[in-house]
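The structure that follows is given in the form of structure tokens.
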Amino acid sequence: MEQKLLNLYHDTGIYQLEFGQAVMMLVGMLLIYLAIKKGFEPLLLLPIGVGAILVNIPGAGFMAAPVYDAAGHMVSPGGLQYYIYHGGIETGLFPLLIFMGVGAMTDFGPMLANPKTLLLGAAAQFGIFATVIGAVLLGAYGIMDFTLADAAAIGIIGGADGPTAIFVASRLAPDLLGAIAVAAYSYMALVPLIQPPIMKALTSNEERAIKMVQLRHVTKTEKIIFPIVVTLLAAAFLPSAAPLLGMFCFGNLMKESGVVDRLSDTAQNALINIVTIFLGLGVGSKLSSEAFLNLETLGILSLGLVAFSIGTATGVLMAKLLNKVSAHPINPLIGAAGVSAVPMAARVANKVGLEANKQNFLLMHAMGPNVAGVIGSAVAAGVMLSYVGG
Amino acid sequence: MEQKLLNLYHDTGIYQLEFGQAVMMLVGMLLIYLAIKKGFEPLLLLPIGVGAILVNIPGAGFMAAPVYDAAGHMVSPGGLQYYIYHGGIETGLFPLLIFMGVGAMTDFGPMLANPKTLLLGAAAQFGIFATVIGAVLLGAYGIMDFTLADAAAIGIIGGADGPTAIFVASRLAPDLLGAIAVAAYSYMALVPLIQPPIMKALTSNEERAIKMVQLRHVTKTEKIIFPIVVTLLAAAFLPSAAPLLGMFCFGNLMKESGVVDRLSDTAQNALINIVTIFLGLGVGSKLSSEAFLNLETLGILSLGLVAFSIGTATGVLMAKLLNKVSAHPINPLIGAAGVSAVPMAARVANKVGLEANKQNFLLMHAMGPNVAGVIGSAVAAGVMLSYVGG
Amino acid sequence: MEQKLLNLYHDTGIYQLEFGQAVMMLVGMLLIYLAIKKGFEPLLLLPIGVGAILVNIPGAGFMAAPVYDAAGHMVSPGGLQYYIYHGGIETGLFPLLIFMGVGAMTDFGPMLANPKTLLLGAAAQFGIFATVIGAVLLGAYGIMDFTLADAAAIGIIGGADGPTAIFVASRLAPDLLGAIAVAAYSYMALVPLIQPPIMKALTSNEERAIKMVQLRHVTKTEKIIFPIVVTLLAAAFLPSAAPLLGMFCFGNLMKESGVVDRLSDTAQNALINIVTIFLGLGVGSKLSSEAFLNLETLGILSLGLVAFSIGTATGVLMAKLLNKVSAHPINPLIGAAGVSAVPMAARVANKVGLEANKQNFLLMHAMGPNVAGVIGSAVAAGVMLSYVGG
Amino acid sequence: MNELVSEGIGLMVLGMGFVFLFLVILIFATGYMSTLVNKLFPEAAQPAAKVPSAPVTANNTVDPQIVAAISAAIHQHRNR
Amino acid sequence: MNELVSEGIGLMVLGMGFVFLFLVILIFATGYMSTLVNKLFPEAAQPAAKVPSAPVTANNTVDPQIVAAISAAIHQHRNR
Amino acid sequence: MNELVSEGIGLMVLGMGFVFLFLVILIFATGYMSTLVNKLFPEAAQPAAKVPSAPVTANNTVDPQIVAAISAAIHQHRNR
């Protein structure tokens, strides 16, 4: 009896708690606070924060692997986050299903009306690769312990696209997954703070006041055929990007075809919500003190910020260049939307545009580069998976 | 660097694409076209078409098996369609869950009001077994490479019931699954074209104009007890049909009981939609060029058409026979609805009936044989699984 | 051919049916009857009843394990209930997800307005541990074959909380899972019959007529922070209760935070409904004749009833004690709600209160101990898992 | 006639036989069930089915929001 | 008294002890939390909670379709 | 310059090159596709898209319950 009482005491969190676990539980609470009070991407950061708390409870076994005897019978079951992480994140299923749902919510209309804006989505991906250079320099000079795969996974934060970042990190740098996902979603939430100063520094007031000509009407048929074209181009030129782009286009095709609305509706609602809950808990499971409480995390957070900033800048600069060569005027602000972070970055472009000219509604114009940025970062992800993994 | 560039080129789809894969991607696009433009069972054929494209992208790895090291850690993750196919189709889970959802959408009322129509659902299954004979003849004379199991799986196309066909094919002839599923859903979509000529050829105008007496009211209690009766009969006489019939009846019981409407609603919506998306992608994964681009597929498509036609004919002939011996008049057209293809075949019967007599509304009368055909083909599936598998 | 006919006959349920299976199918039908006609927790008992019928169909293979060859290829697929049971119940995933959904439906407001009612939720758990003593006595005197783990799992029936009971039973006494789950849900449905006589026997009419002061307003912030506090306390004092309490609090946090309403909505609807269907079929799979048709089941059913009754009594007695020492009057009836069985037990307290005084609305006051009872039985479950398993 | 064909014919005979057997039994079972039900519970089943479980009620009844919207709309409509 | 019984009694004592301990701690923690929250953020939490995420708004507000339906229904109703 | 850095630069060059290459090809493919579509099916696509699948119709049309509620509400409203 005394022994049992002692066992029970030894089982308590208080007895077992390590300092690192306590800190990570505070990190989890910080994420929950940011999600609820500051509105930082709550759909992901709230479950991630809860997942971080749960996985760091000593003795609760949320990440415990199941144990089987020789005959294959279960001796002790695994933890919830073990099953979620290994079933849905390590396999890549959850990010792909989220991407399908996002595709079913995406309207390519503004981009189809003005395909040149795809160039802005391309230019803004420079943030990704500049960050890769930053990370390999930190690694090469022994400041931080980054491999090329780590550097690639960190760079993808600059893609401003959560599921893409999680998909790449789960393949190239699973140990850094927690920090990368947290950085990706945090900076996406900070887009309204990070982008405007850069956008204003690189443009004159006249440029920001430029009005753009109204977008042409895009037919239903174009919208239906477009996702198939993207899938075929991915198949032809970059099969390693085909999982991401293919599922994204599948979702979009379900939406635009108009013949499977019940599937499209489920992909946008019940399914993406279920997967989001699980994805959050699974990402949170990687927020262990060993993986998170080290210099590398600081590096990841700093490099992520750099990636966003450079991507914003190169997007704006490309838009200025396009404005010079284009027949119709192009407001350079919409280049910033090329980082993706849909639809936040497009809204920021609209807001900054309105500050310069109260009649200047850039939202629809910025949606073009915005969704182009999603394609751009999926292509960048494909190159990385092929280059580093192959 | 040049090496990496070369690697990247060797990774492209253009470099790797085989002719068969290109053809299968065209087949996938044809299915998408039929789904969107022609309205061919889009809920299934659209995801199947996308699945066919994705699985044939060389190097994208949608069907790649995961690789584990000796300690059980994942070295490389599997592809999305690998997990879907092996998790949900090979195991039989997805067809069974779809069948549960279909059960929750089915109203047995018209059949209970006139149980004799069950005979029509039985007669129309002759299409299944006639097709089996056709397939074994093709096999026996060495024209095509069909085993008895293959023949049974091909025959079930005549059941005009997608999940049943997929369930049987996944157990008896997984290699033919893609072609069988495509044939089953395509012909179900073609019911309004296939059936009317046969129906008209076998009936006189007077027969088609026969009005049927109004159906009696069926009480809630009858509807609740009926699915339990079917389950018990399956248990007693044909356990191999019990998975299909049991899940179908479970769904129906959830609906009719009226006490678990939130479960019934989920079975009919979120759950069946999620499973349908996955089922489509999983079936599409079997549309590889090796499995599809051969003489056997042509045989399957032709035999499937024969199966539908014979089933329609025997259904109509049985209805003519019943009309002779029955106290109340029976319009032979409703026999054609016995192939199932719910509710398309019943609508076709109604439409052809209206052509003969503008006051002749056969829809509810045809719903009886229509749902009876679902039971009939599940029974036929059970016999096949028991006879061929046992 | 004759051989095949004979095989088919040997495959029939009639040929193979054992007496025990027939009885268990009758038990399944009884559960369905209670669910539909008597309204006994139909969301669980209907699927459990169907699951019991299906698993007892001889030769249908609902619980068959899949067979793989040496190379890892599937030779024969497993049964639906095999996958459900081993995938979701043995692992503990389904009860935890249900608990998350229940958390998202729970309002801790009344409890936060009057935290003393937590003591009532504690007192009512005495039913659990008194039952453990009853079960070990039956085991110790050789009347029934109960181990300490069995006794603990049986006791948890008194927690009046389905997912907690299933979670504990799946870990401590999987063989008894069927009987324990059936007992737990049946008695929860019988709360309106079991509790009132005990409540009336232990209270005077004046006590039952006591009016309570209106509850103070509880702020949104309190409701948001509360689930985090509970999780941290579980982490600190009882990690073995952290899976249950953590997921419950996660669900509640999603609801109260107000920033992830689409996730909260899915947790309360599509997700919990899907899991409920599977949980029911999975629990039903444990209703085999070997596991159910024995003296132990009778013991479980009797002990479960005792557990409920004792829990009700100790809850009421604790409320009488609190009423003596509290500044504000406390109606002893609300103590009975401490067994949980949310919200049935609170409604019963309200109803019995109204009988004594037509102006006495106890519902909101009883919701406090009611949800406290959920926490209390999760804590009791944690102690058991730690004491018996550790 | 080779074995495959004879097996196929066996499957056809057994299969159609079983399908008819099963559905004929079902006709009798259904008929008997209906007669019994309608004798024992003449339409008594329907009131019972009218008592839905809690979450259902919420779905089936008219949303109070909608009622509020209606009143508001009527006001607006009149004041136009 | 054999070992099983003594283990059962041990479980009961520890179990009830722990349940009460945990819930008593929770009473104090909750009370302290509520006091603190209401001192630091006196009802400040509610306006914040009023800002729901986008998809919620769509669910909570009145569907424009419904509003259209109402107007149509009123017209029809009047013209009857 | 060590190997890691040179590999990083290689990734950058190849990566940005490929991103631009892909998106430039996509610009041409999209433009060509749009031209082709609008020449072959000048707005013919829209009527086809107006024919939604059955379950959708159910979702998009006004619920008969709502209509019933409206009539009821109007009556109540008038009788106030």
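A, B, C, D, E and F label the chains in the order they appear, each numbered from 1.
Simple rule for what comes next: a contact is a pair of C-beta atoms (placed from the backbone, for glycine too) under 8 Å apart; a residue touches a chain by one contact, two chains touch by 3 or more.
This one's a predicted model, so the numbers in the text were calculated from it and none came from an experiment.
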Legend entry - Target chain F, source chain B, minimum contact steps: 1
Inset, instruction - Compute the centre of every chain as the mean of its C-alpha atoms, then state which one is farthest from the centre of chain B. - result: E
Inset, instruction - Over half of the contact pairs shared by residue number: find the pair among B-D, C-D or B-F that meets that against A-F. - result: B-D
Legend entry - Interface residue overlap between copies chain A and chain B, same or different (over half shared): different
Legend entry - Farthest-lying chain, centroid of Cα atoms versus that of chain F: C
Legend entry - Which of C-D and B-D has more C-beta pairs touching across its chains: B-D
Legend entry - Centroid spacing, where centroids are CA-atom means, of chain D and chain E in whole angstrom: 36
Inset, instruction - Round to the nearest whole Å and give the separation of the Cα centres of chain A and chain D. - result: 45
Inset, instruction - Any chance you could list the residues of chain A touching two or more other chains? - result: 4, 8, 39, 42-43, 224, 237-238, 258-260, 262, 265, 270, 383, 387
Legend entry - Numbers and ranges of chain D residues touching at least 2 other chains: 10, 14, 18, 48, 53, 60, 66, 70, 74
Inset, instruction - Give every residue of chain B touching chain C within the complex, in rising order. - result: 86, 90-93, 96, 100, 170-171, 224, 228, 231-232, 234-240, 242-243, 246-247, 250, 253-254, 257-260, 262-263, 265-267, 270-271, 383, 386-387, 390
Inset, instruction - Mind listing the chain B positions that touch chain F in their complex? - result: 1, 4-5, 8, 37, 39, 42-43
Legend entry - Residue numbers on chain E that touch chain A, as the complex places them: 6, 10, 13-14, 18, 48, 51, 53
Legend entry - chain A - residues contacting chain F, complex: 111-112, 115-116, 118-119, 121-122, 125-126, 128-130, 132-133, 135-137, 139-140, 147-148, 151-152, 218-222, 224-226, 229-230, 233, 237-238, 258-262, 265, 372, 375-376, 379-380, 383-384, 387-388
Legend entry - Complex contact set, residues of chain A against chain C: 4, 7-8, 11-14, 16-17, 25, 29, 32, 35-36, 39, 42-43, 46-47, 50, 53-54, 57-62, 66, 74, 77-80, 83, 269-270, 273-274, 276-277, 281
